[in-house]
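You will see two complexes here that share chain A, one where it goes with chain B and one where it goes with chain C.
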Partner chain A sequence: MRNWRNHSGLILPILTVAGLVLWPVITNNLSNREIVFTILKAIALASSLNILLGYTGYVSFGHIVFYGFGGYVGLYVVNDQGWSIWLGVLTGGIAAGAFAFLLGKAILRLRGAFFALATIGVNEAMEAFINNFDLFGGSIGITLNFSVYKTYGGAAQALNLTFYIMAALTFAAVLISYIVRTSKFGLGLRAIREDEDAAEIMGVIAPDAKNWAYVLSAIIPGMVGVLFFFKNGNVEPHVAFPLHSSIELLVMVMLGGQGTVFGPILGAIAYQGMRGYLLTSSFFKDIQLSVSGVLLLIIVLFIPEGAVGFLRRRFPPLRRILI
Partner chain B sequence: MQQLSLLLASLPDGILLGFVYGVAAMGLTLIWGVMNVINLSHGPIIALGMFGTFFLFIRLGINPYLALIPIAIFGLLLGIVIYFAAVHRVINAPHLSSLLATFSVSMIIIGLGTAALTTSPYNVDFNMGSFRLGSTTILGTRLIAAVIAILIAGGLYIFLYRTRPGKYIRAVANNRDAAELMGIPSTRILALSFGLGTMLAAVSGAMIATFFPFNILSGGSYELKSFVIGVLGGLGNPIGALAAGLILGVLEGIIPAFMESSWVPVIEFGLFVIILLFRPQGLFGSKR
Partner chain C sequence: MILKIQNVFRSFGGLQALANVTFEVPEGEILGLIGPNGAGKTTLFNVINGVYEPNKGNIIFKDDDITSRKPYHISRKGLARTHQIVKPLKDLTILENVMVGACFGREGHSLAEARLIAGDVLDFVGLNVPSDQLAGILNVAQKKRLELARALASRPYLLLLDEVLAGLNQSEIQTMVETVKAIRQQGVTIIMIEHVMHAVMNVSDRIIVLDYGVQIAEGSPSEIANDEKVIEAYLGDPKLAEKLSGID
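On to the complex of A and B.
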């Protein structure tokens, strides 16, 4: 960070996230806080997924498995072992990262659609397994003991705290995304995306690079999971591993522009905003999903590089700030 | 001894169901084999097939087995429409594009379906009697569905290996550029293959509707089963899919005799990932 001019790509992402965080703080409105919490969660998850999807070019259809798994582990240590939420979030992140490391060793050997299919299989297998795993409450899940909130000065204070932790996690996700994008490691990942065999010949140690990209993209979702389940007060298997959320994340990344830092942020805000609008409008309420589907189809067919990619292509001067 | 009798009771049921799963998976794997596209709108089309049986039988009183014919034609046409609307432009793009394009089709179908049909369960009350075989009872609907499934698989085999359009499909699957140089209209053949894939999905849905209650979201679990079966049998190998469907049916019949039935998906998806890792060409495929 010696020369700020070299980091002009970071300005827009940081300002956007900061603006989002400050909005409910300034208006002091609880419903705004909930809206922003959802958007921040989407930004954190989409930015993490982008490390694997956008930079490395591996399509994970079951990325939500890290969110569910990390969340389960974290909530378990908070509820049953009496750890603090800080340690719980950390544990969830470590658990998700370790899981991604082991899983990556196995399934990152697969390429293209086979990898995508395997991630779906892993997500479904994990959900079915947790459903039978008694330590985590089986199909009933874990319900947070209400007295846990007392440590943080009651439920209202605890919810306030989760908002700020969420904000911190979102900043962390965006920073990681930016650092990976601009580092030599990230350059290796993008070489893998373009042509994995050629990248290996040029000296990128592809298996290791892919595996670390997978781990990096799993840690933040694991932490977000803990936080979200802690805020909700309970977790059940079918809530923790929703396959459609994985795909919503893919849509956000595609919408904003895969492989860019600002793309997932823009995509997450646009998708959540659109979804909120469609769900509340009287005309689109019932066919909300169909309208999203048509929009997605148009993007995939006509602007596959996403909004940020499109702007970068059409307006080259913007490339300095939009990365 | 008790386990054995339980096994004998649930195994034939599982086998018969397996044939029908196999038909659904044949559709998925045919599309994959010809154009390397994983059709994520497979599940909603299965669900549409279910509703086809419901409306033709309950509302119009057409026999469910006779209704398979209009449902098959509808499935074929729907597939061709989906191909030209969503798949054709992204067929040479990276996998993510075709996955998301077919997924957006699935969102459109489910959205419209939910608005028109709600998500409350529907039931086709149709009974073909049953008979006892030793200690087990076999339902007539399942036996007939299994026979139809075998006929469909045989028909598909004859179509692919004995007729001209079938040979065209195999040629396009093998090498699209070379097929085009030989004068095969590859776009039309791709559309036809996609249509055949969705036709098989719709027909399997129509048969499943005579077994279980369903709603517009029910297709999802059969879509996942189709993935498992398709990978077991080798993606792109329709006949392998039927055999793998049988394996899955047997597993679903055997596992509940030894452990709680909630473990079935754990084993299914675990097996799925393991097969992907160690034999991505499927159980019956040769090493490529």
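On to the complex of A and C.
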């Protein structure tokens, strides 16, 4: 970071996230805070998924498993072991990262559709496992003991705190995404995305690089899970591992532009905006997900590089600021 | 000897692609590897750089047994190659393509160093197009040069060239031959698979001929040009008519 002019690609992502965070603070409006919380959550998850999907070229349909698993572990240590939310978030991130490391060793040797299928299977298997895992409350899940909130000055204060932790996690996700994108490690990942065999012949140690990309893409989702379940006050298996959320994340990344730093941010904001509109519209409220499906189809068919990729291709001068 | 191939066998199902291939390559040599289509030349490259494991035999590179090592380990030891069917990283820029070689090759440079090296290497191979363009836009001749630049950016000791001249026109072949000679001048040992005979005869110090996975001849270009077995492999048995007429 010695020379800021070399990092002009970071300006737009940081300003966008900062603007989002400041909006409810300035308007001092709780309902705005909830809206922004949801958008920040989407940005953090989509930016993390992008490390695997956009940079490395591995399609994960079950990325939400890290959110659910990390969230469960974090909420367990906060609720049952009496750890602080800070330690809880950290533990959730470490648990998700460690799980991704082991899982990656097993399934990252699969390529293309086989990897994508395996990720769906892992998500479903994890949900079934947690459903029968008594330590995490089995099918009932974990309900947070509300006295936990007292440590943070009551429920209202605790919810306020979660908003700022969410903001910090979003900044972290965007920063990680940017650092990976502009690093030597990221160059290796993008070489793997284009042609894994050619990358290996040029000396990229693909099995290791892929595994670390998988770990990096899992940590923030694990932390976000802890935070979200803490804020909600409870977690159940079917809430923790929603497959449709995985697919919504894919739509966000594809919509904004896979393989770019700003793409997932733009995609998350646009998708959440659209989703908010659809859920409140009398006609679309029940078929909201099918609209996402159609949207994904249109993107894949007509602008596979997404909005940011399209702009970068059409307007080369933008490439300096639009990474 | 920079490379020793010792009794290498490799088969695919019932097809014996390589049978008892044995040769050595001294440092600084340009070795031509020729033979009809399907003779096992590219398979031999794939066995040398770790894409395939040999069924039997050893590959010794710089006094180190690299048999069955992974391609990335072999590449980092200083053995680079180009592909007959070019493999550009299409959605990366031309410069980034070459930087991958410099970053992950033998010397493992940082991005900033790799950027400088990539620029130099692109000049050296004569790829004179704006290097911030995506590699997907290049034509075949340019993609061949890009492959070469990527391999060179890793600063290899030994370079395997798989048909770098195929698909090029006469003047492009001439400049590519000059480039190959210039690479040797820098101290890089080269093994090249080639079908363009006059070029490979002109540039090689020594030639090995493969046919159905078997080494049928080895020697200087002029020896090879007059070797009966080689002529037979390429054109059929020249004495076939005599033999047939001798029967009755």
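One rule holds in what follows: the second predicted complex is superposed on the first by the 319 of 323 C-alpha atoms of A that agree within 3 Å, B and C clash if a C-alpha of one lies under 4 Å from a C-alpha of the other, contacts with A are read in each partner's own complex, and residues count from 1 in each chain.
Following the convention adopted for this analysis, contacts are C-beta pairs under 8 Å (C-beta built on N, C-alpha and C of every residue); 3 or more make two chains touch, one makes a residue touch a chain.
If you're wondering where the values come from, they're calculated on a predicted model, not measured in any experiment.
By the document's definition of touching, of the two partners only chain C reaches A:200; chain B does not.
Contact comparison for chain A: of chain B and chain C, B touches the greater number of residues. By the touch criterion defined above, A:124 lies against chain B but remains apart from chain C after alignment on the C-alpha atoms of chain A. Of the two partner chains placed around the shared chain by superposition, chain C is the only one that A:184 touches, whereas chain B remains out of contact. Common to the chain B and chain C contact sets on chain A is no residue at all. Of all residues in chain C, only 49, 51, 70-72, 75-76, 80-81, 83, 87-92, 96, 99-101, 103-106, 108, 110-111, 114, 150, 154 touch chain A in the complex they form. Those residues of chain A that touch chain B in the complex are listed here as 53, 57, 59, 61, 106-107, 109-110, 112-114, 116-118, 120-122, 124-125, 127-129, 131-132, 139, 247, 250-251, 254, 258, 286-294, 296-297, 300-301, 304.
Against chain A, in their complex, chain B makes its touches with residues 32, 36, 38, 85-86, 89-90, 93-97, 99-101, 103-108, 110-112, 114-115, 224, 227-228, 231, 260, 262-266, 268-270, 272-273, 276-277, 280. For chain A in complex with chain C, the residues that touch the partner chain are 183-184, 187-188, 190-191, 193-195, 197-206, 259.
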